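This is the structure I have questions about; it appears just below.
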Amino acid sequence: MTGLLKRKVRKKEAVTRKKVKILEKRSQTKELVPGTAFYVGEIKTERVKIEEICYGETWYEEKEFDSAKDCISFKERKGITWINIEGLHDVSYIAQICNHYNLHNLTVEDIVIMGQRPKIDIFEDYVFMVLPMHIYDKEYFALDLEQISIILGKDYVLTFKESAKCSLNGIRRHIRENMGKIRKMGADYLVYYIIDTILDNDFKVLEDISEEVEAVEEAASDANWNEAMLKKIHYLKRNLIILRKSLWPLREILKHFEQLGTLFIKEVTTVYIKDLSDLCIQLVENIEMLRDMVSDVHEIYLASSNNRLNEIMKFLTIYASIFIPPTLIASIYGMNFEYMPELQWKHGYSFVLLFMIFIVSGLFIFFKKKKWM
Amino acid sequence: MTGLLKRKVRKKEAVTRKKVKILEKRSQTKELVPGTAFYVGEIKTERVKIEEICYGETWYEEKEFDSAKDCISFKERKGITWINIEGLHDVSYIAQICNHYNLHNLTVEDIVIMGQRPKIDIFEDYVFMVLPMHIYDKEYFALDLEQISIILGKDYVLTFKESAKCSLNGIRRHIRENMGKIRKMGADYLVYYIIDTILDNDFKVLEDISEEVEAVEEAASDANWNEAMLKKIHYLKRNLIILRKSLWPLREILKHFEQLGTLFIKEVTTVYIKDLSDLCIQLVENIEMLRDMVSDVHEIYLASSNNRLNEIMKFLTIYASIFIPPTLIASIYGMNFEYMPELQWKHGYSFVLLFMIFIVSGLFIFFKKKKWM
Amino acid sequence: MTGLLKRKVRKKEAVTRKKVKILEKRSQTKELVPGTAFYVGEIKTERVKIEEICYGETWYEEKEFDSAKDCISFKERKGITWINIEGLHDVSYIAQICNHYNLHNLTVEDIVIMGQRPKIDIFEDYVFMVLPMHIYDKEYFALDLEQISIILGKDYVLTFKESAKCSLNGIRRHIRENMGKIRKMGADYLVYYIIDTILDNDFKVLEDISEEVEAVEEAASDANWNEAMLKKIHYLKRNLIILRKSLWPLREILKHFEQLGTLFIKEVTTVYIKDLSDLCIQLVENIEMLRDMVSDVHEIYLASSNNRLNEIMKFLTIYASIFIPPTLIASIYGMNFEYMPELQWKHGYSFVLLFMIFIVSGLFIFFKKKKWM
Amino acid sequence: MTGLLKRKVRKKEAVTRKKVKILEKRSQTKELVPGTAFYVGEIKTERVKIEEICYGETWYEEKEFDSAKDCISFKERKGITWINIEGLHDVSYIAQICNHYNLHNLTVEDIVIMGQRPKIDIFEDYVFMVLPMHIYDKEYFALDLEQISIILGKDYVLTFKESAKCSLNGIRRHIRENMGKIRKMGADYLVYYIIDTILDNDFKVLEDISEEVEAVEEAASDANWNEAMLKKIHYLKRNLIILRKSLWPLREILKHFEQLGTLFIKEVTTVYIKDLSDLCIQLVENIEMLRDMVSDVHEIYLASSNNRLNEIMKFLTIYASIFIPPTLIASIYGMNFEYMPELQWKHGYSFVLLFMIFIVSGLFIFFKKKKWM
Amino acid sequence: MTGLLKRKVRKKEAVTRKKVKILEKRSQTKELVPGTAFYVGEIKTERVKIEEICYGETWYEEKEFDSAKDCISFKERKGITWINIEGLHDVSYIAQICNHYNLHNLTVEDIVIMGQRPKIDIFEDYVFMVLPMHIYDKEYFALDLEQISIILGKDYVLTFKESAKCSLNGIRRHIRENMGKIRKMGADYLVYYIIDTILDNDFKVLEDISEEVEAVEEAASDANWNEAMLKKIHYLKRNLIILRKSLWPLREILKHFEQLGTLFIKEVTTVYIKDLSDLCIQLVENIEMLRDMVSDVHEIYLASSNNRLNEIMKFLTIYASIFIPPTLIASIYGMNFEYMPELQWKHGYSFVLLFMIFIVSGLFIFFKKKKWM
């Protein structure tokens, strides 16, 4: 195998290599008492990282902890506290922090079960949200999901993430550098900020996918279609299905969040959250449009590849048909009968050749006239 | 036939062997007075089994009965009573117990008619639910349904099941061993516990199916497609249709159950039941997503199998077309005309052979240029 | 033609023979004044039959009339009166009875127009319902509709049917023999009883269709597909379309009927009518599921029949391709050139034969390697 | 070309000849001030016709006018006045009458723009409705739309139509001859009467289409399918799309009309208008059912035409394959090698012929066994 | 390449040349603080143009500015002020004007982000709308979107557009020339006027597309289908998808706008805005209908192109099959056996020729009888 061919093969394989699990193996919890926290999901980061940031209008304070205990004992100053935990497989950490904030045990359970449907639960003294974050690997057409749990209390926000991917560092930087209004607003605005970051990331993912849709669409007009293209379309479709599945319920959740009332959300923040709803609807509509487009490209591809092949088959069949009659004539004059008068004719051979040319031309004209060629 | 081939054939047959009835033969009851209990369904267990467990916060008592009478006369102590009946074909047993608890005769009728749509009926002093349980046989791709009827009264729960499959023993064990909060909570929490067990089992079934979807999807990228694959896709689709049909109404039922108010459900339990609703919606959405994926794989399979076959046909047609012109030439020089000057030429034969090679190469180049090869 | 073949042909025709009208020729009434009763529909029975049954808790009285007049003058005793009219083409009969009970002229018009959408109309002193009854002819795959109009007054029920098919005799027998609660309940319960009988019949029809779906599905795994199968699928689809069309609005109607309030329906009957709603939803969902399944089987059939044919074509093309090169070689050595040195070789013939075998084997191996065989 | 063939060709063309515009060229009004009346649509009748009929319970008076002025000055007597204008291209006529009745200028604009969506506008002292009327040309499969505007005031009704097609003369005749209740009821009943006539006409159109669906369905079982059939299906589909598009919004409009309250509609008429709603829903459902059926027939046609063609191809390929091996054998013994021992054998020729027959029979049996023939 | 061919190729390319971006690259804003105005979109015009027009019932005053400052300082006189800004890439201009009118910073952000979903936001003292404008390039089948932001205050209207395309000059002309009621009405009527102009333009676009649908439909009945046609259908579908995506939410927005109440909209204007809703629904329904039609034409095209090709293949296969048997016969009598008695027969040659003709005729009749020809 030449090097070029090898590379081609490898590239072709690349389209199929990365496997993404469709459903998390939730059934592991089957034998457990409901309400018991048990981590369900792949372990995506080794170390559990706990970052805390407190801030008021004029100050901020930042710390990173190694254990949940330190984190709990730390909280002292007034202001907004945001604790971000990355790595969820060590359930004891999660449980300690959650107990400290008096969270319901169903909440704790939900935090550590990955692959959940986005949801919002309103409790007496906090709001609990589970949201999806998307990581898109352009090279392998692989869309990965990560789950973030957000807890909004009176003056604190807790976020729980599977890994350090899709980082929220940008927000912390804005707090540090006192950019925008974030230091002047409450915990509700921080949650808005986090969700806005998540949705902006989803837009990024969608744009990556839409670029590929455009590429596939453009390729559809060339003749260089192959099975790899088909697979690309398949992966695009699949990713859009997954994306839609996780963003569809988000609309309702944000709508719900918007209508929470003044207990958790100040009036001045409501307009920002309404904006999130709009963003989310726009995302979902774009996904739908892209799905329509991919389906359409798929159809076009099938039709045009079919067309091209049929053209070839037609050409070759006609081509073969033109050769059949002269072959019969030649066979006839190849017979060994003793009495075949034509064989003795002086110009028999020339006549036969002319006759063949005549027949072939006739067929040619006939097929042309019938618009078969 | 070799052993290998035989095994192959058997495996292929396996995909089609197990037959699942689509609809229960409900029409048997046509001639009966409405409201009369008459068992409709396959008899899945021979012996009717009646298990009773009573429990309070500090104690529990467990018993198994042979006849309905014993069961009825037994109930004495205060606390939560849960009676679980397995095997529904002996209507008299069911009727005696139901009468003891003053159930409406429509309820009794519903308990013994299998294949019902999931439903919830609220009566004055009890709530009646019919729910589906799913048993999935991975080997034969067969999804079987079993029906469970749950009656929630003030301080008792009755469950009626067709057979011992999909057992609820885990719950009894938790009661015995006082795990979780179950002994501290009321009958409503027990019902939550039962439904949670049922939904966890459905997740298990869905995961099994999703694994097969993944397997089929992976196979779609290989060339080893055959009719068995097509049948596998068919069974996956069918199972997802059935699963969706029985889980779709569950959402509404749980929503309804959630909103029952304080008569049957204590406030502390409401949040748990809301959690069931979320689980159920997640199940239905996963089913939808899997259906989309299976359809997609089906399309990809059809397209790629079509593609491959077309490629072969194209190759062979081109290949045949290249051989046609030299055959005509050979036939021409096989004619027996007396005056064919070329035949006497010294290098006639070589010339003809060269000419043939020339034509074949020409066609080869032509087809290559047209990107047909 | 042999007898077997003839039978085959006849069976094949059978699938297409019976024709069912899609829409009733309602436009006959175009020139009439709206509100004028004019029979629209096929005349399905020659004689108009009027059956009356009166009953109370302890007695019943039954009579059959020849003319509408007798029927009207008869009514004397207290209790529930049920008049069942079979045969609607004699509008004068209908009109007389309807006038006697003070029915609105739009009601009379609706009674005699067949092929209507199921509907419920609530008037001041009666409720008017139009419902479909289905007759399924398994042999010809023909689904026929019949229309029944039910009028529920304070203490009377009128039913109008096109013919004696789908009889309601079972109900009259239950009244006579005082089975169940029917004699103890009011006119509303009688209506429940009638609708329950109709729905039970629909279940029967659906079971017949589901049996055929199962049969078709099973046949899909065999190779014996033919055009008759395709037609069977077509008829199944069509019947399910018709069935759905007439049962879909029934749900709403029963929901409406359920919420009628205490004027027409006693509280004790409400739970029964709710049960009808459930039955109806179950019917509709089963229809939807069967439609999905039939579509699926159709797709599988198309795919697998396509597959099989393609396999044959592939085989034959490969087979032909293997024969082409030796034929060319034979033609070459059939040429009559004077100077063809190979022809004089002692083992020329054997060499050529060996060469042919060599080429054929080579092609064989090549095709095998490419997994084309 | 023979006469028969010519007729065939002409008939085939007939299917495609008549062209129906999809959208009215509304954009002509782009440069106009909104609210200016400007006729948009084809001019379908040359003369504007104004017919007026006044009637009370015991009398009627009818007149036809040449100019709008005469019409306006005429109105004197008490009773219900109905003015019917046919031909809308002369906007000045329309404007004069509308001004006389104090209609809003948006109403006037809507009256003269054809191709509008059906709609209802409620003004302070009148109700304005735009409804579609359908004309179906069975010969050319052409569905044409005409727009009727109805204005219902306290004691007058105005109707504006594009042309004299779909005439409302039947209603005038009923008024003249005092048939039914029309003379005894108010202007609202007259509007009911007009809409009922329109819907009855739609039923007629639908019946015509359903007859063609039946014809196409029946033809689907014969072998005589051709491209004309395909086009027929296409036209049926298209007509059903158009019909649905114009009847779909009608449901809502009639629902709206029904709920107008006592200002415009007397209580006694409400039940009649509810009947119109039912009719309209029935129309829409029938359209949906017919669409499903046409789609189904289309699929069946494609499948069965594909089937038939594949059968032919299969037959011919097998047939050709049987001839290939004997041809090779004959070619071999046509070679001119000097040393071909078989050629000298006495029975060589017979042996070869027998061998050929043997091979052909063998292939025949092989193909039969494989169920390819 | 001849000139004709070249032109053909160019025209074919034309169908694919113009590329339209599917999604705006919104993710550029990812790193920004939410609420910061940053222009997202292609820069479509170089110069920012600010046009202001003030008017009352009897006067108007018009001015064009170079900088935002001039514009702000200008406003003095009473009456309605309309400022139209074309070119949005210079965010500072936008910000200055917006600050002058006290607009929320989210509004400013929305104005400069292109590719947004149409939306309406109601603030305390103004209404903010984002609407799409469509530009259709008939030659390249390219549908381009432009975004217009409209702000409706008490006595002012601001409009922000990307470029000078889709101009609103017509409205300014109407104000200048005092046409219609515009000078007599308020700012709300001006907004109605603007939206009406936008929708009229959309109607124009839809009519252009519908003309192409008609053209494609007509071409579908001819035989001159080719890949360019397929691409045309693809572009039509795509444009309809995009159009629907941007008009679908408009319905809700206009419905919302209609129900704004008396704060921003005077009662006399409400009826006009309701008219906009109707127009918008009509647009969406027409789009849906056109989509159905295009899909239908696509199907018809595929079916008929398939049909035609199959006919050719069938013809050629039959044709080839007729030639196969005589070729075999000729080959047989071309064998070189010494003892072939027929070869010595006097009329052997004639007999064989006759036999060939006989066989060919037989096959001909057979195929005719089977209706394969």
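We just call them A, B, C, D and E in the order they show up, numbering each chain from 1.
Rule of thumb we're sticking to: a residue touches a chain if its C-beta (ideal position, glycine included) is under 8 Å from a C-beta of that chain, and two chains touch if they have at least 3 such contacts.
Keep in mind it's a predicted model, so treat the numbers as computed, not measured.
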Chains touching both chain B and chain C: none
Averaged-CA centre spacing for the pair chain E and chain A, given as whole angstrom: 26
CA centroid of chain B to CA centroid of chain D, Å: 43
Interface hub residues of chain C, defined as touching at least two other chains: 313, 317, 320, 327, 331, 334-336, 340
Traversal of the chain ring from chain A via chain B: A, B, C, D, E
Interface residues, chain E side, partner chain A - complex: 16, 19, 21-23, 25-27, 29-31, 33-36, 104, 106, 116-117, 119, 121, 123, 223, 227, 230-231, 234, 237-238, 241-242, 245, 248-249, 298, 302, 305, 309, 312-313, 316-317, 319-320, 323, 326-327, 330-331, 333-336, 340, 342-349, 352-353, 356
Residue numbers on chain E that touch chain D, as the complex places them: 170, 174, 179-182, 192-193, 196, 200-201, 203-204, 206-207, 210, 213-214, 218, 221, 271-272, 274-275, 278, 281-282, 285-286, 288-290, 292-293, 296-297, 299-300, 303-304, 307, 310, 313-314, 317-318, 320-321, 324-325, 327-328, 331-332, 334-340, 371-372
